[in-house]
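Here chain A shows up in two complexes: once beside chain B, once beside chain C.
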Partner chain A sequence: MAFWLFLMSGLAVGALYALGGVGLVLLNRATGVLNFAYGALGALGAMCAWQAMQWGWPEPCAWALSMAIGLAISLGFGALVAPALAKREPIVKALATLGLALSLLGVMNLLWVVTPRRLSLAYDALSIDLGGLRITATRLLALAAGLAVTGLMGLFLARTRVGLMMRAIAENREAAAILGAPIRKVEALAWGLSGLLAGFTGMLFGDLVRLDPAVLTFMVIPIVATTVVGRLTSIPVTFAAGLFIGAVESLSALAPPLAPFRLASPFVVAIFMLLWLNRGRALTFADKD
Partner chain B sequence: MKIKFAVAGGLGALVLGVSGVQAAPHCGLGNGQKATGAPIKVGAVVGRTGPDDFSSSARAAKAYFACVNENGGINGRPVDYLIEDDQWNPEVAGQVATKLVKDQKVVALVGNGSFVEMSVNAKLYAAEDVMSMASACAASECFESKNIVSTNEGPLVSSVGAAQWAVTKKGAKNLVCIGLNIPSVGQYSCGWTEKYMQSKGLKASSILMDPGSADVNAAVLQTVASGADTVLVNLPAGLAAGYLKAAQEQNLRDQFIWTSSTPLYDRAVPDMLGDYWQGHITVNIELTPYDGKGADATNWREVMDKYAAASDKRDTFSESGYLSAKYFVNTLLKLDPTKIDRPSVTAAIRAIRNEKSDLMCGPYYVGDGDRHQPNHANMMAEVVKGGFKIIGDCTDVNSAYLAPVRAEEKRIGLAP
Partner chain C sequence: MSFTRWPRQQWAPALAVGLAALATIFLANGLWMKVLTSVAIFTLTAMSVALLYRRLGQISLGHVALMGLGGWVALRFSHGFSLPFELNLLAGGVVAGLVGVALAYPALRMRGLYLSLVTLMAAGGFSIVVNNTQFPNGADGFLGFAVRATAYMPRPVLAQSDAAYFIYCLVVTGLGFLLVHLHEAGKPGRAWALIRRSEATAMAAGVNVTLYKVWGFALSGFLAGAAGALLAGSLQLLDAHSFPPADSVMICALTIVGGAWNWFGALIAALLFRLAPALLNDWGLNGNAAYIFFGLALIHALATAPRGVAGKLEEALAAGNRK
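And now, the complex of A and B:
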């Protein structure tokens, strides 16, 4: 019984990791950027939504505000900063997003004094009993959204012309440009979609984890572990990795010697998965290895 | 003494009510003259940015020093108060303390509030023989070091106080302590709470959470699996809010007796927790209520209103920071202002005996001992709609941990 409860609880947290991971992979596939500001975008969206709800805005408007903020900042960064870094190494691009994350965190600390806050959404009031564990509709929404986004993004990238161009640009930016792919427009679309997802995920994180700018900003770190398992390209593997990492993290609580190290679960899983996925391959330090 | 404070406070309120004029806070010499002499450098290390903002103690001390500087200073010398943020990072904590102690050469540290700073810097303070009159201490080194004395009680005494209340008033038989997985914080406070329960022939266990953990649900499930009848939430308020929300999600309110250590004693908490928890969770408070009517409680609020930002918290640790700063100023005012340096300040702080305030249940003192824990009596409050209801008077905490402290109090004549 305990195993089942902890597994279900872990999957609920894993759904959040998975949803975040999908947003990161989507952007990376189209632009080659690992966006460390993903958590901060979500945090800012959630904080603004909370503020709007404190002012009496209806909840749907708060959701829209969170996603609009994620969209606007991500799009702004993608349009104004990212093009200048297009030819730089991936690490430079990633560090630029880390700079954005820390800037956004600074703005949040400036705007909102650190005090205990709680973001409660209408879905929290609805729940189902699953083997003795109450699962709120908000957690189910996170899982459903993760599944839906994984499926839709897979279709989008595989079946649409824009998706094809995104894959082409990620593979070889120069060649795609020569073939006529509108790089700026396609990348802007990817930044926008990723920002929209960050805003949506931020609301769920703010509700299900806790409404704390620093905690939400650095949620990106375990999320990156899920994308590493998916090698920054596979959306379905990233989604599955998120669920698996959540389950491992939760089940570690059942083993007292492991419990104090639960926070390391995402990285331990990522390391073992990378070793497993690279089994039989020779490391040559050559390109694409 | 408390009755005198109450009468004085009541008369003051009556006079103000009649005149309709807001009272000016009283600080230091209280002569209304700006201090213009050579500044006296005083430091503070707080955990402002990180999992939680633990800086309200230094903000209150800063307000009090600003008030002192406008009221004669330390016999004409202003306090130059330097606050550093340790970012909840041990490495940063060491760097900023070294900067204050070795580079800035502060005469003392006042109002420190941190989960990591004291563990890192206790040896530095001892080596440099600089005293830290801390105000928001959480780690064991805070209360087990020769050069650190804190006005607050820390999570150990506050947790044991909450457990003691649950046992004596609610009949708790099996308690689970939910603490932080930070060395010398969670194990220290929850560990001694377990020992308290065992000393009464009762059961106890601990669940320790990482400060940045996203998965509070697992801790809630561990709580259910513990078999306890009482839950002691011993976490910073933000993390406690996440834990209690997850417990609410599982509708666990009526399955346990719920109590908490001091961090939940925050004005924002009752509304944040909502109707579900109101009337169902109690909180141990390390100092007296933040809306108290005593002379110091009133003066603390007036100092904060005049010299602090409106957004600065008025919580237990703010009260504690104010008191540390006040005791520090009282001590320095007795020194020759031309001979104030680190050795003279350290000696003067060690000589503090029997300072009293309506903000604390017992007297404050320092002494020459290798450990300091002047504050070990506390009160209980219940979370109700719109605030807190005091449900228990000042009660001394019964823990074997305090045996050396009580022996020292006996030695210096503070206890029979």
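And now, the complex of A and C:
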């Protein structure tokens, strides 16, 4: 019985990792950028939403504000900075987003003094009872959103013309350009979508984890761990990995010697996956990372 | 190795650093002495990050965790065996060097982004483990931690006071620079240069690619571990919260901003990392606001100035000499 309870609560935690990971993979698939600023975008959105709610804005407006901020900044970075680095190695692009993350964190530290805050959403009050375990509607929303985004993105990439272009650009940017894919437009779309998701995810994280700019900004590190399992490209695998890591994290609470170290589960899972995925590979004659 | 081969524009920064160090010893009070000691220590860390980037083309996002490990081992040896400080320092460096070797294992199979992610994950894991084990503070047992115990790590016999310890850190960091320079001027440097160009070429030229990659990681880990031991000696005890993955990421970013290709790039990185926030706080500004500048500087460095601030300085000096 305890097993099922812990598993359920683990899946609820994992849903958050999964949702974050899906947004990261979406951008990486289309543009080849691993966005370390994903957490910072969400954090800024959530902080602004909190501020707006303090001023008495209704909650839906706060949600919209958070997503609009994520969208605007992500789009701005994608339009102004990313093209300059398009031909560089993946690690350079990833480091540039780290620069964005640090800048956003600086802005947040300047605007909001560090003090305990709480972001309370209407969904927190709703909950369902699963065999003695209370799951708030906010967690269910995270799980449902993760599932919906995974499904819709799968359809979008597989069935639509823009999705096809995204896959082509991710495969080979130059060749796709020669074939007439409007690279800038498609990439802008990806940056915008991922920014929108970051704002949405930031609200959920702000509610469920902690409304603190630094904490939310660096939440991107365990989230990156989930994307690693899907080789930074597979949205369904990333989603499943998020749930799996959440379950491992929660279930290790049942094994006393492991319990204090359970927060390390994303990192342990990611390192073993990276080693396993690259087993037997020799780098000497490899041309790609 | 010969110093006569040093280009002339290297001497001006060296002179400036020497003068700044002298000024610190005579002018700085307690707080600033501590800040500048940590600048000297983080210079060593930044140097070890820069070495990996410059010679092997690898970006490590986990070097502050290696510092933490070096610090842990140094504290453990110090409380366990009452050895002289220098031996604790070496022990911290050697253990972190061995972990560097362990990091080289994935580096034989991946590079670039994936390898950075391995180091980042390792840093994330380390911070969680050390939050549970804490740093040794003189208690019994393998972990050597107890809530009430507060034994301090003794400093080196030669450097008991803060000012003396500052000089001590400068000397160790200087030795670190010398060690790196000896490597780069010798056979390992030539091997690394070939490996960075192309591993296949290096192998064709008869370079033992595996050996020299592992060697580079070991040296880098050793330097970071030694820096951690120096930090342990500076504060005489360590706090488990002082080695978050965020700091590993930050020192890496600043190393690139400072310039990984020049020896004083590491110093600029450490100044930005430790001195800039302290200065801002002193002037009544929020020290964390420096992050805005750090982030923009990182993007700028990546997009247009791959050799960082140090590279720009060197260009300016070279231009000045030509006139």
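Throughout what follows, the second predicted complex is superposed on the first by the 274 of 289 C-alpha atoms of A that agree within 3 Å, B and C clash if a C-alpha of one lies under 4 Å from a C-alpha of the other, contacts with A are read in each partner's own complex, and residues count from 1 in each chain.
Rule of thumb we're sticking to: a contact is a pair of C-beta atoms (placed from the backbone, for glycine too) under 8 Å apart; a residue touches a chain by one contact, two chains touch by 3 or more.
None of the values given here were measured: they were computed from a predicted structure.
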Checklist entry - Since both structures carry chain A, what do chain B and chain C do when superposed there: clash or fit? => result clash
Checklist entry - Given the touch rule stated above, what does A:V224 touch, chain B (first), chain C (second), both, or neither? => result second
Checklist entry - Can A:L275 be said to touch chain B (first), chain C (second), both, or neither? => result second
Next on the checklist: For A:T238, using the defined touch cut-off, is the partner it touches chain B, chain C, both, or neither? Pick first, second, both or neither.
Outcome noted: neither
Checklist entry - Touching A:V13 in the superposition: chain B (first), chain C (second), both, neither? => result first
Item to check | Which partner reaches more residues of chain A (counting touched residues only), chain B or chain C | outcome: C
Checklist entry - Regarding the shared-chain residue A:L100, is it in contact with chain B (first), chain C (second), both, or neither? => result second
Next on the checklist: I'd like to know which partner A:E89 touches here: chain B for first, chain C for second, both or neither.
Outcome noted: second
Checklist entry - A:F267 contacts which: chain B (first), chain C (second), both, neither? => result second
Next on the checklist: Once chain A of both complexes is superposed, is A:S74 in touch with chain B (first), chain C (second), both, or neither?
Outcome noted: neither
Checklist entry - Of the two partner chains, chain B (first) and chain C (second), which one does A:R210 touch, if any: first, second, both, or neither? => result first
Checklist entry - Which of these chain B stretches, 22-30, 58-66, 94-102 or 130-138, gets into chain C when the structures are overlaid? => result 94-102
Checklist entry - Where on chain A do chain B and chain C both make contact? => result 109, 214, 218, 222, 260, 263
Checklist entry - Can you list the residues on chain A that touch chain B in the complex? => result 2, 5-6, 9-10, 12-13, 16, 109, 113-118, 120, 124, 127, 133-134, 136, 205, 209-210, 212, 214-215, 218-219, 222, 246, 249-250, 253, 259-260, 262-263
Item to check | chain B residues within the chain A interface of the complex | outcome: 48-53, 181, 208, 210, 212-219, 221-222, 225, 237-242, 245, 249-251, 266, 268-269, 272-274, 311, 313
Checklist entry - Contact residues on chain C for chain A in the complex? => result 59, 106, 108-114, 116-118, 120-122, 124-125, 128-129, 132, 199-200, 203, 209, 244-246, 249-250, 252-253, 256, 286, 288-299, 302-303
Checklist entry - Where on chain A is chain C touching in the complex? => result 34, 36, 81, 84-85, 88-92, 94-96, 98-107, 109-110, 214, 218, 221-222, 224-225, 228, 260-261, 263-264, 266-268, 270-271, 274-275, 278-279, 281-285, 289
